[in-house]
Amino acid sequence: MIRLVPRTDSAPLLQVATPVMAVLATMLAGGILFAIMGYDPVAAIRTIFWDPLFGPAAGYSRPQLLVKAAPLILIASGLAVGFRAGIWNIGAEGQYIIGAITGAAVALAAYPAQEMWIFPAMVIAGAVGGWAWGMIPALLRNWFGASEILVSLMLVYVAQRIAAWMAFGPMKNPEGFGMPGSRNLQQYPAASNPELIAGTGAHWGVIAAAAAVLATWFLMSRHIRGFHIRAAGIAPRAARFAGVKPQTLVAFCLGLSGALAGMAGLFEVAGPAGQITDKVGVGYGFTAIIVAFLGRLHPLGTLLAGLLLALTYIGGELAQLTMNLPAATVQVFQGMLLFFLLGFDLLTRFRITRRVTA
Amino acid sequence: MGIGKSYPGVRANDDVSFAVEPGEIHALLGENGAGKSTLVKMIYGLVRPDQGQMVLNGQPHQPADPRAARAAGVAMVFQHFSLFDALTVAENIALGMENPPPRRQLSARIAQVSQDFGLPLNPARRIVTLSAGERQRVEIIRCLLQNPRLLIMDEPTSVLTPQEAELLFATLRKLADQGTAILYISHKLEEIRTHCDCATILRHGRVVDSCDPREHSARTLAAMMVGEEMRLIDRSGRQAGEVLLQVKALSQPAPTAEGTALKAVALTLRAGEILGIGGVAGNGQDELLAALSGEIRSAPGTVLLEGADLSRLGPEGRRTAGLLAAPEDRLGHAAVPDFSLADNTLLTAGARKKLVRNGLIDRPAARAYAEAVIRAFDVRTPGPGTAAKALSGGNLQKFVIGREVMQAPRVLVVNQPTWGVDAGAAAAVRQSLLDLARSGAGVIVISQDLDEILELSDRFCALNEGRLSDPRPTEGLTLDQIGLMLGGAHGMEVAHL
Amino acid sequence: MIDPVALFLLLLSASTPILFAALGELVVERAGVLNLGVEGMMIVGALSGFATAYYSGNAFLGFAVAALAGALVALPFAILTQFLMSNQVASGLALTLFGLGLAALFGKPVEGVKAPTMAAGPLGLNWIVWLGLAMVPAIWWFLNRSRPGLILRGVGENHDAAHALGYDVRRVRLAAIAFGGAMAGIGGAFISVATVLQWTEGMTAGAGWIALAIVVFSNWTAVGVLAGAWLFGGVTVLQLRLQAAGVRVPVQLLSMAPYLATIVVLVAISARQKFSRRSGSAAPGSLGQDFHALR
């Protein structure tokens, strides 16, 4: 008979080991899934996890790693802070879309001016847009006790429809021959978010993601606000006893993660995506939830997890091209990864012992 | 017939043997952690013994689960009620029975039994609406409906006023006279001496003695239970000085649906004084502490420290001013279970001990402060890096009290400072509160342990349904008088109604 | 003019997917488990039900398979939360993401094909609509009048007390989670097999999340769930009517209505539960909390 005994130590080695175990288990389970579907499992796993970095087409796919990882890391750093406090913002996708729209709105309003301030103003507008969208569930929870989980999630669907409306209506490119979608910001130098160093994929969003990792690391480990956030997540009453106002924390966490998600949306729409369409949201906001958990809600972990999930995106695309693997494979992989991660988490919180019977 | 039970690293029960006769009220006496609860859980089928055997009515008793135990005729009233708040009395009782009759019949039987034993209960009421005493009645009637051969009562009087406790004992005696064996668990010596026929004393999981409690004094019973002479507490050298804390007409609605509203609470605390606040659980203790610690802010002019109005300040502001508190719940309220002791100093000592400057945490300073508390209060732990949840109740309580006391507060408010703590740690905590008062601070002790209040405090108030009685000097106060104050029958109370 | 009876019949159909999913989640939450994976279970039900109906030509078989698939896909969630002590919020999210991915992956072969037609029941309504309506009193009776329902409520209200009385908390919750999955599966299949008659990726479009909100709205009662489902069915029908009538509001904005209505209703009901002392929230006491019995 196996029994679980709660751990009293923090088992630092396992904290690092369990995400690795989860990744390996996902590869194994994924391989089985591929075999069932009639694909060569070894080739599929290699195509997804190895070829983007070291395969024959790595020259093209390597820069994509930073392009895909930047929004994931940017969003996940904010989410991880909130999750630590037990505040569940699962509507980052919506905040991302709104940030993209408000940021692009500045550019489209300024068009065709070529001023230095335009891009910084877009970044601020994107952050403010995401922040405001995140504050809706925060305020509704603080004032009325409405679940931030459901409200933030509902607002994703609302944001998606606002994006569609914008693409077909107010923001439609007047020179776009009736096609839906805004002007392409990549062709508008003062508003575009270009690759900064050729061949790396690094745009301003990458720099912002790095800054977000550093800032959230500082917040969570050196600052008393971060201490209060961690305390509130484990023992809300103790946090209140220490002097934390729960409402302030809710507003701070949802606002912060909203602002970061909004910025991620802006960097994307001004850079790799280029324009507002009805498909502005590509799921980064949801994948970032997995990134945050896989990174153990730790800023450095978020960085690594963001890179890994970016890899699965690129590898998934590659496998689609070379092996004709369906695009949804990546989604299944990500879901399985989270399942395994949560399962292996048991090891960090409990010690498994055999029941001794005398 | 010795039974044993081991937990990893701990041997909860070791070769325990005793017998309970029909018609007998048998006390199981022991300190916190002596292994009483584990023992009765084995009898009730919640825990399986690793060795040994039990015999019930001549049959081997090896219940696989509580249902099997109930089928064999064992019933149990838990210390922390195993009731379902949102369900009705009848539903709760049905859940505790193997084959409950249809709803109407069950209600009728509940009414019948509650009348027979003088325990009035309405089967249709929901548990949330009941008082602690009424809730216990539900548990008892749930047991009685099964006609148990053996009834286990785990610390049943801890939530009752002395008068309610008397009523309970009358019921138990009636049951015993009908032939039921009763196993009565407690650490309250007086009630065992007056009401029990036989006592088995447990210490560190072993039976140390069996005796007739009526033939021993409380002091010798205590010595058997603790294993040493009780340390005497030094109350000397204190004198009441100027007024430190004033609470005026503090009224506050209940913070939660299950909470208690505070009604026009008023008190005055002087330097060097210890004020004891007694009351049965759930009469506003937590709310009063929260209103003093700053977790609940109150109307302006209701909480004053040395003349300064702190009513609108939160916990941080009040700590800076010198008003500190230590709540009842050690794990989860006074301390974060998963944080190290060093990190737990940051919960309350950030400002006064300069562990946090401009929002930045000074970790070496926090560590040093934790080490200082550990040393001064003899906290048994590997070091300041240990998680709070890894400490025993007594050691964590010493740490929590030490963390506040060593910040040199002007006023310290503590709630249940020795609840669930071993005798050694309890004595150390009480002595530190007395020493703090001697140094010129004011101390408020909120406690449900009347002995503790009488031991520590200079004046006594009773908290009843959120109302605080006028203080009385503890010198010369009898348990009977206290019981009346707790029941709200105190003469001055009428004025508030 | 719009015929009110026809409109009501439309409403009954439009509310059916949410009614099934929310009734299932109601039972799960009354057992003390918060399963945020409703959306994932619904989409898996939508696909498996549609594929079965398409290949077998029997729509009813499709619903049976959808129920089975919904219960099966909830299994990882059940294992994670009941045996591996995982956080219920995170595990539920994982179930949603996993279910959406799984359905997208296996749905490719049936894209673009049409579902078989179903024989209509009384009043021209689908039999599944009637089944959904029948489930309301059935679940009410189960929860409030039956012994297993009482045990389930006890487990959800206070799992420690239920354990102390000897009830197997995990087994009750496993059964509840499986039932919730089956109900969500049927709800999802209703969208693909009986309403849209096609399979498209992500076709549940948040219905699972709306179902979660309806359970809060219902204050954890079966009748409340019915009222909530009708409310959203009504909003949906109205919104579609307005679109068809060519109202001068962009289609995209009109289609926000169900989601905005969810938020409004959620806020209203939360505010009532928060501010009204008498009619406080009836949320089960152990909802969302981990249960770990030390033996």
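Quick notes
Read from first to last, the chains carry the letters A, B and C; within each, the first residue is number 1.
Here is the rule we use: a residue touches a chain if its C-beta (ideal position, glycine included) is under 8 Å from a C-beta of that chain, and two chains touch if they have at least 3 such contacts.
In UniProt terms the chains read A, C = ABC transporter permease; B = ABC transporter ATP-binding protein.
In this text the structure is predicted, and so the values were computed from the model without any measurement.
Looking at contacts between chains, the pair that accounts for the most C-beta pairs is A-C. Seen from the C-alpha centroid of chain B, the farthest chain centroid is that of A. Rounded to whole angstrom, the centroid-to-centroid distance between chain B and chain C, based on C-alpha atoms, equals 43 Å.
Centres computed as Cα averages put chain A at a distance of 47 Å from chain B.
Measuring from the averaged C-alpha position of chain A to that of chain C gives a distance of 27 Å.
Residues of chain A in contact with two or more other chains: none. Annotation for chain C: residues touching 2 or more other chains are 295. Across the complex, chain B meets chain A through its residues 6, 8, 50-51, 293-295, 314-316, 319, 325, 327, 329, 331-339, 343, 346-348, 350, 356, 359-361, 387, 389-390.
Across the interface of their complex, chain C is touched by residues 3-4, 6, 88, 90, 140, 143-147, 149-151, 153-158, 161-162, 164-165, 168-169, 278, 286, 289-290, 293, 326-336, 338-339, 342-343, 345-346, 349-350 of chain A.
Taken together, the chain C residues at the contact with chain A in this complex read 36, 76, 79-80, 84-87, 89-91, 93-95, 97-102, 104-105, 107-108, 201, 205-206, 209-210, 212-213, 216, 250, 252-253, 255-256, 259-260, 262-263, 266-268, 270-271, 273-274, 292, 295.
Across the complex, chain B is touched by residues 5, 8-10, 222-225, 227, 230-231, 234-235, 237-243, 245, 353, 356-358 of chain A.
Looking at the complex, you find that chain C touches chain B at residues 147, 150-151, 153-154, 157-158, 160-162, 164-167, 277, 280, 282, 284-285, 295.
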